[in-house]
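For reference, the structures are reproduced in the following blocks.
One chain, chain A, appears in both complexes that follow, with chain B as partner in the first and chain C in the second.
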Partner chain A sequence: MKASYVIKRILLTILIFFIVVTLCFFIPRIGVTDPAERFYPARSAGMSDAEYEYVKEQIRIEYGLNGSTFQQYLNYMGDLFKGDLGNSYQTGKPAVIDEIAECLPWTLVLSVSNLLISLIIGILIGTMAAWKRGRWQDRALLNASTITTALPAFFIALILSFYLGFEWEIFPAYTDQNMVSGFDWSWGAISTVLYNAALPIFAMAIGGIVSYGQSTRNSVIAVSGDDFILTAKAKGLSNRKVIYGHTLRNAMLPIVTQFGMNVSGLIGGSVVIEQIFNWNGMGTLFLTANSNNDYPLMMGIMIFMSAFALVANLLTDFVYSLLDPRVTLGERR
Partner chain B sequence: MKQLLKKITLAALSCVLAFSATFAAGCSTSIAERRNDTSSTLYVGYVSSAFPTTFFPWSSRDGIAPTIASFIYNTLFSMDTETDEYTPSLAKDWCYTDLDGNEMRTPEGKIDYEEVENYYSGDDTDYMVVKVTLHDNATWSDGKKVTAEDVYYTFDIATDNTRSGHAGALAWTADLLHSSKEGQFAQQGIFTRNHDDWGRYPYAEDGSDTVVYLHVKKALGAVAMLFTTILILPEHIWAPLTENGKLVQDNATGEVLYQYEHPVGCGAWTLEENSRQMIVLKNRGTDYHLKAEDGGALYKVDKLKFMLYLEQNTAIYALLKGHIDILDASMSANYLRLFEQEEGIYVSNVTGTASQTLVLNVNPQEQYKTPMRDLFANPDFRKAIALAINQPDIIKSVLNGAGNTASAGLMLPRTDNDPLYNPQSDIFADALWEGNGASGYENRVAEANRILDGLYPEKDGDGYRLANGSRIFFEILANPGELELVSYLQQQFQKIGVEVEYKAEGSMAEDTYLFAGNFDMTFQATIFSAANVDTMYDSHFISTSRSSNYGRLADEALTAKIEEMESALNENVKYDLIREIQTMIAELYYKIPVYSSNVISVARNDRFTNYTASAGETVFNEDTLKQLEKVV
Partner chain C sequence: MKTLKNIGLFCKRFLFGVGGFFKKLWKHKQGRVGLIIVAFLAVLAIFAPVIAPYDPYDVTQRAEKGLTPSWEHLLGTSITTGQDIFSMLIYGTRSSLSIGLITGIVIAVLGSLLGVAAGYLGGWVDTLIMRVVDVLLVIPTLPLVIVMTNVLGTSYAVIVLVFAAFGWTGLARVIRSQVMLIKNANYVKAAELSGASKWYIMWRHILPAVSNLLIMSTALTSAGIMVAEAGLSFLGLGNPTAISWGKMLADAQSGGAMLFGHWWSILAPGVGIFLSVYSFMRIGLAIEEILNPRMRKGSSMIKVFKHLNNTYLDEVFSSMDEQSKLKGEYAGNAAAPDTDTQRAEGASELVVAETVVEGAPAEVSPPARKSGKKKKDAGENR
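Let's look at the complex of A and B:
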């Protein structure tokens, strides 16, 4: 991997980030003649045009929506370069970065757990299915794949919430409202979080497990016919060594790609699940911002998600070449 | 391979055991805490995206924030919508006075509107004097006494955006003579014992620390906004923090943030705990100045625990499963059958106070004019559209019968002899149209077709009318919840040869379509009462800049009549004018009523009883809270 390639990729990522920020700024404003419109109070019967215009102008100033859209954009970019994502329109006008910092850990509890569980179990199941190709383990994975493709995660979540939560009361149907305010890093608090996270993680992970399992199975099967596997077997290596030392390692590339894509969606990938389970994460925060037309908060979340996704993609690219020496980034063959 | 499988199985079992232990520990904190709670706490479910974590009354405008603010703080009065009387809140009494401070009352102690009219109808004064007397024993939740100075401070701040940080307050106080701009005092129009002009206004001298005088530009309407909208703030808390500064601060820190998070109010409740998911309010009990008839606490419930639900169905199941006592929301009639089969559930199904209307875009901005929208300029065409709407059928089909017909005058009768309601304005009532062996609706459709045959007699092959060679076709801008209503209107308009189709309005319809008048037809709910007509008639029928006048009606006669009503000082004259206005609204065929839906709400009655709701209310209301009793 050449240094020039790394620099080029980083610069390209910065350019994409700049474009994303610009789009994030202008898209919500398309078709909106005056974004401050919804904040204007009803005009009192006794108010003259001049008085009402004064009230409106004060509100535009209050929300930073005065001046042309382009001027607002320049102001926003200027603040962004200083690391300031602005202030939310919520009561007390908290800093957007503080709002994100408050919700991010809760989303990561769900998404990281989901990713790790999906990855580990998926690889194990996929390897087993490949090894038992054509037998019931393989067929079960194939059928599960068909079912989870047809059933979106939110539907699975609703079913789980209804039966395991409301009807049988095995797990909380939705998040305990005391969980966040009462969290203090004690064992009790952590176990409460895990207990409350059980159904959302399960709902998200079902599809992930099957998806990773299917990818692993296909990849392992593709690799297991290669000459070097036959050679390893001929050398009399144990099955475990053949699978983990040779087959799986060489079958990992597509899985790394999938993992990288999933990492990039870590923050924004659970909006609907959070909604169903009352989970106080980034998805909920984004919906709040959207329903309140809270532009600074919406922008902040979208920029944060985009930045995270871009960095994740960049790192995936680099890890790719480290995993497989045959992959040469930026070098001529 | 067998060994590998064994190891995998062992690892999986270990994981299951570890998770089981964790879940067992987690189970000890059940989400259904209400079931084990023996205290007098009312668990209230609320559907929203998040709860605010800081509270400041003037900037608490979205979601649950205004509700919480109204529990923690008080306005001067509240309005009884059934009697149009002001009921005491922070203040116990009010009246108009002359410029010398003499009260204008009848011998029975009521406002003497005739005297008010005679005294103030001349051109020599540009304001009226309102005297407000506060309760003597009202205190802030930190124990300090509420005085007229607090009211003065509140209004003083409210009239100055630079200091209040909330221009909305300026609109509420627009009818107050008192004003200041950009931190500079402009005109004095509020007087207390310590803030007066001793030379010019002698009446201020006899004021105590619970009397305040307001100078208002207009009667009734202005008073309603000042009395029932502005929550009074504690001067002793905010004045030291806001000297030369803004009351509402961005990214507040330190003492200001502390005050946002621990508000000191004069209402019946104090904020005990709050997070994004839960808000707990504690009853101030007998510390609150208003008491029950027996002299005890006004509210029997010790605590209100508001629980956040992001999704309404989750909240409904939480109620059914006993996780909450009550749901602070009105629900669709579709849920009625679900609740009817459940035990321990109280269902409130009361008459609504809103009229759902179909708004025709009669006057779009130039860039949004279309040949079809031009048709709405003709009142006869609008009348034909209005005649084709069959309210009883819509109520039966869309609302499952849980609703009533709405008058074309858009005022709903609150009682049998409501002095505000004009029955003559109900020009589409079936009873008026029945005859010749046909139902009212059949006769209305016949009349609509007769009108349209005169205007647009040509029809295409599908039976739709043609205007300048094009099929008469309109889109109804609506939300997905109104799809069924649109489909019934489609059928009804088919009878007069007009085609309509649903158009999704999206999440910011007001900004993108409505204020600019970029739509054909849309739905809009209206609520008019004596308390709000001064503001709302203007907003719905006159103002075209940014208002609820989505179709941008500009009718000179109606505007003149509304302005006459707004400036009427005599209540009886004002009511007469409101009745006339209803007929004018009906005959403009601009906002056409489609129904008035009932307000359906639910609560569990296995822990608390005596739920009640009057017209337009959900079961979570002040009267319910005052009456609730715990089931032993």
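Let's look at the complex of A and C:
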């Protein structure tokens, strides 16, 4: 990995981030002449033109919508540089960044545990399917992957919440909102969170487990044809040692790619699931902002998600090149 | 007159191509399953007013709310508005199939135009298109689509437009990497030498060479769009006047189908979504296997359609994107293919590139400068 490549890569990431921010700034202004229009109070009797203009100007300043569009853009960029994503239209005062900070951990609880569960169980299942290639374990995995790829996750979530939540009452079908407000780091609070999170995590993880399983299986089978596997078998290693010590280690690279792709979707990937289980995360925040036409909040969330994805992509690239020295990352040796 | 003749020739070639294609697809076992289901759904969609026992749009036909299944109402009636669920299910085929297919076709047109332009013209056109792709790939798609429907409204036209506007990126990248292989083929060089214009070469030589790939990805994108549309209307952000499966699910959930134990009102639209997505996926994957006979049976499902479940559109496109990356690296690394065979998910993925471009001789590798650049692109977008 050359330093010049790293620098170029980082500069390009920053450029893309600025384009994303610009896009996010201008999208809500499509076809709107005065974005502050809907905040103007009704004109009271006996108010002169100049007075009414003054009231409007005050409102524009309050929402950061004063001056020309270009001026607003410069202000927005300047604020962003200081880490300020503006004020929410709906709640008025609190900065967008605070709302994001409040909801982010709850989304991460879901998505990180989903990712880890899918990864670990997926690799185990996939290895087993490759081991028992052609037998019922393998066929079951294939059929499961056929079904889960064609079924939307939100439908799986609905079915789970119907049976496990409503019919059999094993897990709560709706999140207990006290969980969020009364959270301290006690064991009781943590176990409540896990109990509430079980269904959403399970709903998301089914697809993930199967997909990691299938790609592990394919990758293991692809590697197990190689010469060094034959050597390992020839020198009398047990099946278990061949698979876990030799095959799986070399079959990991496609899994790392897939993992990196999933990491970049950690924040934005659970919008519908959060909605179904009434989970108080980024997705619910975004949908609430959408129904309130709260553009600064929506744009703030989008910018945050994009920034997260950009950083995740960058890191995955670098980690990948460290893991596999054969990958030259765009530089010809 | 000449242009008319050209158009006529194109139509003839197109029809013959499509006919032969369906024949091949019919012979493929999995493809036949997909074709039969799609035909079944198409019949349902077209003859919905005849087949459906009630008209779900007709307010006077609405029965009592939340009836359980009976001979009068095969799947009961909806909890919130009292329509016959069986009729809604049949009418829902219309919105799902039409949005999926139309968006798939629009994406195919957009993606092939931009991909061919980027791959063949190169230079600043390529740089510009690829930077746009970079930006669109980073922004989370579902939130972006939600914002766009908020700003522009939720009519069918807007939904198709928005899905197409943000969905062409994956296809454009796949096509671009294919075109970069093809443009070094001898027959393209010959056409260039004989003085053919760039437009002529792109239309007559490049586009036909990627047409099979185009049909395959149209089937797969259509399936992806169907899931995305169901998700969007489940969130209540689809066309509010239409009847769609996603909206049926949302109605069932908000009306308390779970509480009253009306499992049929949840299961019915789910089965509809499953059938339509499954059939289109089957067709797409069957085409892939036809194009690429060496592909291991059954291994393609997850590769092409990596967790559609989790994040809908962006996953579909990023998985396509991953495919294109693999192919791109293959194109870039023609000299040392063993490196990327290791990092690709098995060599079988790369075979697509080989079989599609039968015309391209293996020894013609892209010029060093260009391939280096392409490898860099591939690295950047992981």
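Everything that follows uses one rule, which is that the second predicted complex is superposed on the first by the 310 of 333 C-alpha atoms of A that agree within 3 Å, B and C clash if a C-alpha of one lies under 4 Å from a C-alpha of the other, contacts with A are read in each partner's own complex, and residues count from 1 in each chain.
In this section, contacts are C-beta pairs under 8 Å (C-beta built on N, C-alpha and C of every residue); 3 or more make two chains touch, one makes a residue touch a chain.
Just so you know, these numbers come straight off a predicted model, no measurement behind them.
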| item | value |
| --- | --- |
| Partner chain(s) touched by A:Leu74 [first = chain B, second = chain C, both, neither] | neither |
| Which superposed partner A:Asn290 touches (first chain B, second chain C, both, neither) | both |
| Partner chain(s) touched by A:Met305 [first = chain B, second = chain C, both, neither] | second |
| Touched partner set for A:Ile243, first chain B, second chain C, both or neither | first |
| Touched partner set for A:Leu253, first chain B, second chain C, both or neither | second |
| First, second, both or neither for A:Gln275, with chain B first and chain C second | both |
| Chain B versus chain C as contact partner of A:Asn313, first or second or both or neither | second |
| Contacts of A:Ile14 with chain B and chain C, given as first, second, both or neither | neither |
| Partner chain(s) touched by A:Leu116 [first = chain B, second = chain C, both, neither] | neither |
| Contact residues of chain A, present in both the chain B and the chain C interface | 31, 161-162, 166, 173, 275-276, 287, 290, 293 |
| Contacting residues of chain C [partner chain A, same complex] | 131, 134-135, 138-140, 142-144, 146-148, 150-152, 223, 227, 230-231, 234-235, 237, 249, 253, 257-259, 261, 263, 266-267, 270, 273-274, 277-278, 281, 296, 298-299, 301-303, 305-312, 314-315, 318, 322, 339, 342-348, 368, 372, 375-382 |
| Residue ranges of chain B touching chain A (in the complex, touch as defined) | 1, 3-5, 8, 19, 22-23, 25-33, 49-50, 52-56, 59-60, 62, 65, 161, 165-168, 170-172, 174-175, 217-218, 221-222, 225, 248-252, 257, 260, 273-278, 307-311, 314, 317-318, 321, 507-508, 510-512, 515-516, 534-536, 538-539, 543, 545-548, 566 |
| Touching residues on chain A, where the partner in the complex is chain C | 5, 9, 12, 16, 19-20, 23-24, 27-28, 30-31, 142, 145-156, 158-159, 161-162, 165-167, 173, 204, 206-208, 210-211, 214-215, 218-219, 221-222, 253-254, 257-258, 260-262, 265, 267-269, 271-272, 275-276, 286-287, 290, 293, 298-299, 301-302, 305-306, 309-310, 313, 316-317, 320, 324, 326-330, 332 |
| Residues of chain A that touch chain B when the two form their complex | 31-35, 37-47, 49, 51-52, 54-56, 58-59, 62, 87, 90-95, 124, 128, 131, 161-162, 166, 169, 171-181, 187-188, 190-196, 198, 239-240, 243, 274-276, 278, 280, 284-285, 287-288, 290-293 |
